[in-house]
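First subunit A sits with subunit B, and in the next complex the same chain sits with subunit C.
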Partner chain A sequence: MSNLIKFKIDSKECMAEKGTFIVDAARENGIYIPTLCNMPGVKPKGSCRICTVRINGRLMTSCTTPVADGMEIESNVADLQNLRKSIVELMFVSGNHFCPSCEKSGNCELQALGYLYQMLVPRFPYDFPIRKIDATSPKIIKDQNRCIQCKRCIKTIKDEQGRSLFAFRNRGHRLEVVLDQELGHLMTEELADLAMKNCPVGSIIKKEIGFNTAIGNRKFDHHAIGSEITL
Partner chain B sequence: MLKKITIEPVTRVEGHGKVTIHMDDKGNITQSRLHIVEFRGFERFVQGRPYWEAPVLVQRLCGICPVSHHLAAAKALDVIVGAGTGHGLTATGEKMRRLMHYGQFFQSHALHFFHLSSPDFLFGVDGDPAIRNIIGVALTYPDLAVQGVMMRKFGQEIIRATAGKKIHGTGAIPGGINKNLSIAERDEFLKGADPLNADKMVEWAEGALDFFKNYYAANKDFVDNFAHFPSNHLSLVRKDGALDLYHGVLRAVDTEGKKILHDIDYQEYADYIEEEVRSWSYMKFPYLKEYGKEKGWYRVGPLARLNTAEFIPTPLAQREFEIYKALTNGKPNNHCMHMHYARLIETLHAAEMIRELLNDPDLLGNDLVVKGTKQKEGVGLIEAPRGTLFHHYRINDDDQIVMANLIVSTTNNNEPMNRSVNFVAKAVMTGKEEITEGMMNSVEVAIRAYDPCLSCATHALGKMPLEITLVDQDNNIIDRKRSH
Partner chain C sequence: MSKPVIATTSLAGCFGCHMSILDIDERILQLIELVEFNKSPIDDIKTFTKPVDIGIIEGGCCNSENVEVLRSFRKNCKILISLGECAIMGGLPALRNGIPIEECLHEAYIGGPTVQLNKDHILPNDDELPMLLDRVYPCHEIVKIDYFLPGCAPRADLIWDALVALITGDPLKLPYEVVKFD
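Then we have the complex of A and B:
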C-alpha cells in the first residue's frame, strides 16, 4: 500500500511519503527550502531556523516538521524570505566572518545564502566578538570566529566508539562548540576531511591544504545554493 | 620667522600622505618631509592565523599590486613547507606564478604610465589640471588611452587565468599553485583577436616606449634634471646578473655602480638590512647595515633594477636596455624621471616574458605542489612593480603565524622619496610666498615617479585633494589653501 500523501507548497501540488520532513519532501518535489543546521540522514534539531515556513498561519521549522495530508505550506513568500535573510545577517554580525581571507569562501553555505538573499549592506550592528582559534589538533583548526553553532560537527563527527569529537562548552552568549582536546589529537585523516566538509562555514579547517581548490572549481562559483534542487 | 607648509591629501582608504615643507624667514626651504600612514596593521592581523592564509590575507594591503604581496607571502611559505626557494617548485608551479607576476607587472606598469603619468607628459607638469588627467588623455589622445585600457585588461586577464580572479585571487599556495593553464586559455592569450593577444601587447609596449623616447628628446632638460640625485640601488637579480622580477639574489650597487651588497641569499636579509624609526613618520627607513643610516639608504623600483641588472634576458627589452644604459655610459642612472623610461623597458620585458611563457608547455602540466621538511621560518622576496618587497614569517608548532615582518616597496623608497620631495621643493618653492597648483603638482610628480602605494600618488582621475597649510614656527596658520 502506498503511503503517498498530497500537500501544497506555495500552491504547488506536491506528493511525498507520509512522515517525511517538509524540507526533504520539498526537495523531492523540486522545491528548495534553505537549511543550515540540518543535514540529510541526521536527526534534525531545528536550531538555526533558516528553514522556517508557515503552515496555517504558524511559523514552523520545516526540517523538524513532517508533511501531513492536505497540508498547505508557504515558503517562498516575501516576509519569510526577509526573515531568512535576517537570520543570515545576524549570523554574519554575531561572528567574525571575513570572507576575503577565508578558505571556505566559495564552498561556504552561509556565504552562499548571503549571496542568495542579496545581503548587500549590514542592517544590524556588528558584534566583533573576541573569539579564539584552537590550532592544537594536528589535523584541523577550529576557528571560533566563524562558528555558527549549528551542531553539525557534534552530530556527525564521531569516533569508532560513537563518541563525538566536538562538544558544547559554556552557556548563554559564551556558548561555543569546541574540539575535545584528547579525541582531537587522535582524529583520523578521514574524520578531519569529513569534519571540514560537514561544517557549513569555515570554522573547521583541515591543516595545510588551504586554498588548494582554484577559484572556478568551488561549489558555489557557478551555481547558487539550492539551484540543484529547484526544478 | 620659520614657516611650515603642509600639503595634506584628504584621507582615502588605502593610504594617506602628507607633505610638510619647512621654510625659514628668508624663504629658503630648510627641510621637507613626506609622512605616510603605512599599513603596519597587517603584520599584526596575521598573527595567530594559519600560515597558509597569509598569501590571501596580506594581499589585501593593496588593490593595485596585490599579486606582489600574494607571491611574496607564498614564496616565504614555500620555505616553511620545505619546498625551498625559486626552482624548488615544480616547473608548472614556478612558471604559473611567473606568468601571474609578469601579468601583474604588465597591468600595473601600464596603469602607472597611461593613467597616472601620461597626463603630466602630454599636458605638462603645470598644465591645466582640468585636462591634465586620464579623462583629458582619453579626449585628446583617444588611441593612447585605448591602449592603456587594453594593456591593463590583458594583464588582468593573465592574472585571472593564473590566480582565479583579476584582483585578490588565490592561485599561489605554499609549495606551488592551485591550477595550471588550460589549452583554451593559452590559445586565447596567444591567438586571441586583436588587440588582446601577446603579439599586440609586445607591439604596444614598444609603442609606449617610443612615445616616451620622443617626449624625452623634446624635453631632455626636464627629464634629466627633475629631482636628479645620486643614491644606492637595490633589487633582486638572477644569479647570472640578469633582470629577474620573480626570483634571485639580493644585490645593491652604489651611485658609481660598485657592488655594495654582493648577491646575497635573501633568507639572510636581516643580517644586511636595518630599519630606522623616525619620530615624525609611521614608516620606517631601511638602510644597509654595513654603510649606516647616512650612506646605506637606497632606491628600489624600475630605476634601481636597471642599475643592478647586467642584462635583460629578452631580446627587444635588451636592445632598449643597451640604448638606455648608453645614456649614462653604463653607469647607474640617478635621474628620477628616468624611472618612467626604465618602467617602460620593463613593461616591454614583461610582455616578452608573457609571450615566451605562454609558449612553454610546462604551464599545462599537472604537477602543481611540492612539500618537504617543515621549517619554522621563511622569507619571501619579490620585485613588485614599485620595487623590492620583503615578507618574513615565523610560525609555531601549531602552524600559526607568530611573527610577520613586511618591508614594502614604498618603505624601501622612503628616504629617496623624501629626498626627491625636498629637491623639488627647493627648486620650485624657494622664496615663494604663494603655492601655485603647478608647484603642488611638481611635488606630486616627484612622488609619483616612485609610484608608491599611496592613494595620494595614484591620483586616478587627476584629482588629488590637497590642503596646504602655511604656518610659522609657533604653528600660527598664515595661510591655508585647498586645491579644489
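Then we have the complex of A and C:
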C-alpha cells in the first residue's frame, strides 16, 4: 500500500509521503518555502522561523511540521511574505551585516532572502552591536558580527571522532557560536571548506580565498534563492 | 511646465554612488532633457538657489557637517532618496561604530602603522573642522527619507528607473538584477 497522501499548498494540489516535513514536501512539489536554520540531512529545529506557514489559521514552522492528509497550507501569501521579510530585516539590524565588504556577499543566503523580498531598507533601527572576530584557527575566521546562530555548523562540522568543532557559549542575548580552540587548530582543509559552505551567512570564512569569485559569477547574482525549486 | 529640479550630495560616502549616476551612460543626455540640476557636485552649484523636487543623498552621517547638509536637503527638497548602502545603513564608515572615537583618532593620527610625520602627536582640533559624531548614522535616523535605493554602488539602471518613475509617476519595476547590497 502506498504511503502517499494529498494536501494543498496555496490551493495547489500536492502529494508526498506520509511523515514528510512540509518544507521538504513543498520542494518535491515544486514549491519553495524559504529556510535558513534548516538544511537537508540535519534534524530540523525550527529556530529561525523564516519557513513559517499557516495551517488552520495557526502559524507553524514548516521545517518541523509533517504533512497530514488533507492539510491546507498557506505559504506564498502577502502577510506571510511580509512576516518573513520582517524576520530577514531583524537579522540584518541585530548583527553587523556589511554586505559591500563581506567575502560571502553574492553567496549569502540571508542576503539572498533580502533580495527575494526586495528589502530596500529594514523597518527596524540598526543595533550596531559590539561583536568579536576569532581568527585564531589557521584555516578559518569566525566572525560573530555576521552570525545568526542557526546552529548549522554545530550540527554538521565534526571531526573523525564525531566531536563538534563549534558550540554554543553563554545564554540569552549573550549567546554566541564559538569555535573550539584546540579542534580549530587541527581543522582539515575539507572541513574548513564544508564549514564555510554550510554557514548560510559570512560568519565562517575560509582564510586566503576571499573574493575569489568575480561579481556576476556568484550563486545569487542572477538567480533568486529557491528559483531552482520553483516549477 | 518647468522641469523637475534635482539636487545631490555626498556625505560620508566615497562618491561611488555619484559615479554610478554617471554610469547611466548616454542616458545622461535624456536626463538633462528631463530634469534641471541644482546644488550638486555634478554641476558644482554650492548652495540651493530654488526649491528642489528630488534630493539624492549619498553617504551616511559621520560628522556635524553631514548632519547640517542633510537637514538643509530635507528643508529644501520635496522628496529625499537615500542612495547606496552608506546612506541606508552607514556602510563601510560605520565599521567604526562600536569603537570609541578616541581609539579611532589614535589609530589614524598617532599609533597607526603608517603614521610617521605627526611627531608631536597632534589630533586635528580646529574650529573649522566638523566634529566627528559618536558613531556613523544612517540618514533616515537623522531626517525623514522617502525612498531607498540599495547597492554599493547602486546599479545605474536602478537609479535611472527610479528617477524616471518618480518624474513620470509610473510605478517602479524592480527586476532581480538591480536590487543588490554590494
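As a convention for this text, the second predicted complex is superposed on the first by the 231 of 231 C-alpha atoms of A that agree within 3 Å, B and C clash if a C-alpha of one lies under 4 Å from a C-alpha of the other, contacts with A are read in each partner's own complex, and residues count from 1 in each chain.
Note that a residue touches a chain if its C-beta (ideal position, glycine included) is under 8 Å from a C-beta of that chain, and two chains touch if they have at least 3 such contacts.
Worth saying up front: this structure is predicted, and the values here are computed from it rather than measured.
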Partner chain(s) touched by A:P100 [first = subunit B, second = subunit C, both, neither]: both
Which superposed partner A:Y115 touches (first subunit B, second subunit C, both, neither): second
Subunit B versus subunit C as contact partner of A:A224, first or second or both or neither: second
Partner chain(s) touched by A:F211 [first = subunit B, second = subunit C, both, neither]: first
Which superposed partner A:P129 touches (first subunit B, second subunit C, both, neither): second
Subunit B versus subunit C, judged by how many residues of subunit A each one touches: C
First (subunit B), second (subunit C), both or neither touched by A:I141: first
Overlap of subunit C and subunit B interfaces on subunit A (superposed complexes): 100-101, 215
Residues of subunit C defined as touching subunit A within the complex: 82, 85, 88-92, 94-95, 97-98, 135, 138, 140-141, 147-150, 152, 174, 176-177, 179-182
Residues of subunit A that touch subunit C when the two form their complex: 96, 98-102, 105-106, 111, 114-115, 118-122, 125-126, 128-130, 215, 222-224
Residues of subunit A that touch subunit B when the two form their complex: 100-101, 103, 133, 135-136, 141, 205, 207-217
Interfacial residue positions of subunit B with respect to subunit A in the complex: 48-50, 52-53, 55-57, 60, 81, 163-165, 168-171, 173-174, 178-179, 369, 398-400
